[in-house]
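The structures considered in this document are given below.
Heads up, the next two complexes both have subunit A, just with different partners, subunit B and then subunit C.
Right after this comes the complex of A and B.
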């Protein structure tokens, strides 16, 4: 009645000793890491830093930083109804998305609460790639009922490398990609580097000039080597960058991070701990005029009401880091919110943060104060600092959108 | 004769918990125990030389940390070590492992179904919503919804307020959750047969219900709402076996002046003019006290210790109909070494946790079908653990103790239990394990086989029901044990109930013992020694 007699440990077993999974770049990532300082990103072994946070931050802002993006969740969506399905999934109207274009989107549950954000790549031939921060296969399959689509998770079968910073255009051009001068932000092209086929998109999470390269995992080491060879030749300073530097530049650039800056709807346990796109400052991504999309009814109703709270960008005066600080409507006043994530911006010389704050009848607080606890030589101290709302991203550079890009 | 303020009948973990809080408040307390050992179903017994068995309850999660802290049980010798992971072996030679490392666990779910790996995020979050809600009620006395007393109204308002923290759709889901079968509940999330079977197991443990019976979804929550050091849903081993829980409670009780008498079976509760005045022992000895507290199940308490003439007819009727069906057995095994499980890769951590051999919902339901026909399951569902992989105190070095909980086992095996039927039941379990572990039978040194017959005779659980009453909505919260009697007070003055037949129910939780102590102390006009819920927020 029972199984065949001998069961061998084969490839079918999950390797229980491998708590963090390697990405296709793991050989290179390991050998470039001086700190061996790892974090889990969707279960993959990911560098927090390679060398120092400062050198990696300035690689992105001053020269060129390279980062292994493979752990980002990737889904291939195809079939006759692919675009129709995706347009129903997301809040933005993407019915006009052209081949070789990329668009930033959020998607919600029926209550109009955000499940995740991400990008949709139109690969041509009716095929699309959806990239997301968190695991979404369950939701994609639930919400695709009735659509003639195929949905496949391809996180591990597509390797991705971000090349970001002012010299990224020069670096990739020197690596042999000739067609980059006409590539606009959110565009993509197919190219070859040392004979390796790749897809290059002008996208990124840094707010700077930058690209992302998408390749077959078997070519991962070769493409890494082709880029870093330019550093070996003494042409450019190119550095691998970790999650620490990414956190700094993404906050400067005003990008939100689901799961860090807000609870995704699927994982929120307490009522009122999930967020709508309006509450995340992403109202510009919601098109209430387009045909039905998931969450539309709830968002329509919410749009008519004054907003109660919002995830905002706050810069904080002084130099004390308001990590995890409560926010008040005046010094010692009533509590109106909390800091969600915060970094010191070396380029702006100020602390910049994402903060969740209450709005009064749709209007932001007149004043926002942070109560900051900080340590000096193991001794805790407390101070107050005034915060300023920043409507725009803290830092944008004209080079990030200039086409053709300039050589720096 | 020494005068006691309170006599507690039964030195199980709830009786001891209850007595400890009364003693702490300065009351003179005596706990009476029928057996020559304390603990009831929370015991470690040496039945084979140099081996100690947790011979009834065998893992710990539900025991309230508030009670642990308040009674200082760590200093009285209790140590709960979290156990790691779980596994369901499949008949085709494969297995599904729920690894303690979350990244590995996710990849293992994805090995069986990529979709289920993502669905488990939704499943975990939803289950946590219900856990959070229910955990807030564990250390509270249920309100009487028909009462207008200030306290009842306040408690009912607290209950409503907790619901208020749910969204409208969550309230619907919560009500469905209490009334659904575990199979239907899980099928809203998972598609893989093995994964469905793996997560269903906790929902039938101890119940006379099958995976397709309405009400079993809640039992999953009952097994998931505990925690080890804040990790909700985790289970642990008490070092030295579950007897360490009762010995720590006893030590804490004695440290504040409480007394325990073993070999002291209570024959009846003395009632004079509608008031409980003491107890009569089987030996004929009479003991008096200002209050009598029963830690026996509701059936034994009201139908066994009391004269029904002293009770309202309504209560006698409800006690007779109290759902307390025995459905579980237990096999405790001494092993000469660690058994091999060839399906697992070498060095696999999966043997460190719960092990199961039932890989489909259908097999789980068929196991239940046998029980309905008064047969033990021919292909039983087992929850098997080998605590000696962590615990050096329960077997000699290199040897092991295995605890096998078995579902289902009937109260009356076709025409009544005999010793040979009991052994045949044990053999069915041992054969199932041996199908997956070729050297298992060679290592077997001793086995203690317990059917509901033994559980009832030795521990005093009616029908051998491990929860002292089914955990279905009609017997939960203000309906436990009966509507109108959920506040731990019997209809006889000075008499109370502190057992798992009362809110919040079975499992080694201590909560019924603590909650009932709070009520006794209120009636005695003493300030409470029982702890407040730590609170999740």
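Right after this comes the complex of A and C.
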């Protein structure tokens, strides 16, 4: 029930001078890093880039990218009331979640404002794994009052590696996982690689064909080596990818990032700076028919009112980066929102973004214009660019859902 | 039987008050009580053959409005006979008498200076108590509410405050949350007087004279009604109040179902969340009603009767964190004859056995760390002096509230701990009333743990939840449930866990009924 007080994963001894904790893959990650460009992800030392952003991005979109995702918060939920407990926590009805299936969820506070998003893995035998972007143990423990559940943080005791991209299926098959051909998106299997037990799920944050491998931290290096051995043999181009490339592909795929695209309810201080699932375009995750869940009363009331604002996908004309740009209802008109995160999409040849905009009587603005500030030879300039709402993710490819996937 | 309009869970005094008002307005009301008698902590029971007592042993601030509205006098309540003097006794034989029931409150047994100061102190406190009085019988507005009635309540409070005059208003704001010890030190010389005057602010709470919080407010709460909060005993004992409430409720058509524990509130999952539609009894029977009102403490109401699966996570957490640990034990002694207290002609009155402020503070210090003091502080009365029929002829009863006895103690309430406390108390009494040990026929000590079990009361807390500033007014028991309605539609609260709080006042029951009727408009 308690959070482990020491970091079990990684080397036995963590030097006090180390500001960021190493992950179980740290030896391998370090040896591949040319840029030594690090960031903190939940306190772990995480690569932003290994060599160049472009090569890593194209590895994910054209061949195979491998990313250490151990720092993602992971919780094991078990006990007789586990399903009941989770179903009260999240807005979606997960009572039908079958063993070896995964589902995407958000959860809210009493006011119906989103605390975080994540995935629930049904591990079978009434056991579940909840993965989240931010630390949620305190909220989970508070939520457990009155339920016969066990909650264990396993962020430090489960290592995870994402293998994403068009050839990921072939790579993992070549690495010895034979059961992948029937594995559908959001499914998972138990498998062995070189005799090492692992759990493989067909999940990811790239919008592409891809898998995530879940293992004991002691096997981290061995799994990494087993995959990169295929590259050494010249069979596939496999590259480690960092947070920079992930940011590009996740925006293309239309995935939101709590804390970046919106303030999570626990971190929002000013009134109106938190967001409901409807305001994040995640209304499809809210099941108002479900008997009860936290935030239902507030969301029911909100559902009946015209929506006031929404986090939307916007593509922006031109080639100027619309970073942090204000949005207006016409050129020089009234301000209606801001860009939250944006990226130049190499594959789509356009700027794509997540933007928070005001709706008028439940309807999106007829026009959206971004005022973009940019530098030319150290001189600041401003320009206007028209934006287009994108209902669907900017980038979708049929290979991400094809079962069995195409073999290379 | 047709379904009643309203089911009230529990037959405590607030539940009966609430039922009375609702029935007067034509609602059919059914009260369901787990035990075989009404009144909760005010109910009278035979603790030894022929000897009867109730946990609550005096009335200090029962609402005169409720007495009038529910015609309680007509139904037999008579509070005029026994306003009791408060008698402070110190270990070394000092004795003072407070008489606040007269037009001019007096204290005797002290030098002239404190006597004069007492009159001035009481006059000022009464001004503040009168100013606050209307708000004990009002719903305190929801935080952030902008509706007319709520704004009016706030405005009325502001006007009342302002009408005190600038200096008095400032003084009220200053003392409202002051540790009561500071207030006493500012006003008086006599340590015994300070201790006795603090007593009403402390009794029933987990606070001591040096605790800054709501002790002064508690004194003002008790001073709101007639006689400046002087303790009173009805002509037929505390049972006189319970019986009058019962008769009044019955005469308005309230039905009672006694000896029937409610196992949970029946929920209906609607679009808006869940709705309370009835109750399920322990024997499995289901009774439906349009409205369910709980007189049970908030923690049990929400966590046990409603169930956490029907509550939102944040709300559940706030309810779970309510501070509900009782700190008062109850002592009942069956006595062979009238005890003789050193220095008193007659023990008629409310006797407070405290030597000084430190004796209270030190008793609390032990309790804070999960022990009980070797030298507890207590108030006691001999109810048989007012109602001789509580005991066989010539015999007497001693009824005492003992502070500070924690609900949870280190090592738990073992038989040994229980017995050690009892012996401590007898020793204490023996000091004040030599020979009392030989007069005891039977003694009963109810720790907060015992009260919890016998009266189905979380933490054995008299007031259902600590009367602390963070659990009072629009935060009692917690926001979203502080206006008698709850996050569950159709479910209301009417017990001491609501504003204004505990004690035999009838105010939460009164306020709840008005709020319930208002939701129907």
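The rule is simple: the second predicted complex is superposed on the first by the 391 of 408 C-alpha atoms of A that agree within 3 Å, B and C clash if a C-alpha of one lies under 4 Å from a C-alpha of the other, contacts with A are read in each partner's own complex, and residues count from 1 in each chain.
Operating definition for what follows: a residue touches a chain if its C-beta (ideal position, glycine included) is under 8 Å from a C-beta of that chain, and two chains touch if they have at least 3 such contacts.
Predicted model only: the values in this text are computed from it and were never measured.
Residue contacts after overlaying the shared chain place A:21 against subunit B, while subunit C stays out of touching range. Shared-chain residue A:135: touches subunit B; no touch with subunit C.
A count of residues in subunit A touched by subunit B and by subunit C gives the higher number to B.
Once chain A of one complex is fitted onto chain A of the other, the partner contacts of A:234 are absent, as it touches neither subunit B nor subunit C. Of the two partner chains placed around the shared chain by superposition, subunit B is the only one that A:153 touches, whereas subunit C remains out of contact. When both complexes are overlaid on chain A, the residue A:96 reaches neither subunit B nor subunit C.
When both complexes are overlaid on chain A, the residue A:125 reaches neither subunit B nor subunit C. In the superposition on chain A, A:40 makes contact with subunit B only, not with subunit C. Of the two partner chains placed around the shared chain by superposition, subunit B is the only one that A:269 touches, whereas subunit C remains out of contact.
Comparing which residues of subunit A touch subunit B with which touch subunit C, the overlap comprises 139.
Residues 90-94, 97, 99, 101, 103-104, 106-108, 111, 114-115, 117-119, 121-122, 125, 128-129, 132, 165-167, 169-170, 342-343, 345-346, 348-350, 435-436, 537 of subunit B touch subunit A in their complex. Against subunit C, in their complex, subunit A makes its touches with residues 84, 88-89, 109-110, 139, 142-143, 145-147, 288, 291-292, 294-297, 300-301.
The touching residues of subunit A, when paired with subunit B in their complex, are 1-4, 6-7, 9, 12-16, 18-21, 40, 43, 111, 134-139, 141, 153, 266-271. Residues of subunit C touching subunit A in their complex: 269, 271-274, 303, 307-310, 312-317, 320, 480, 487.
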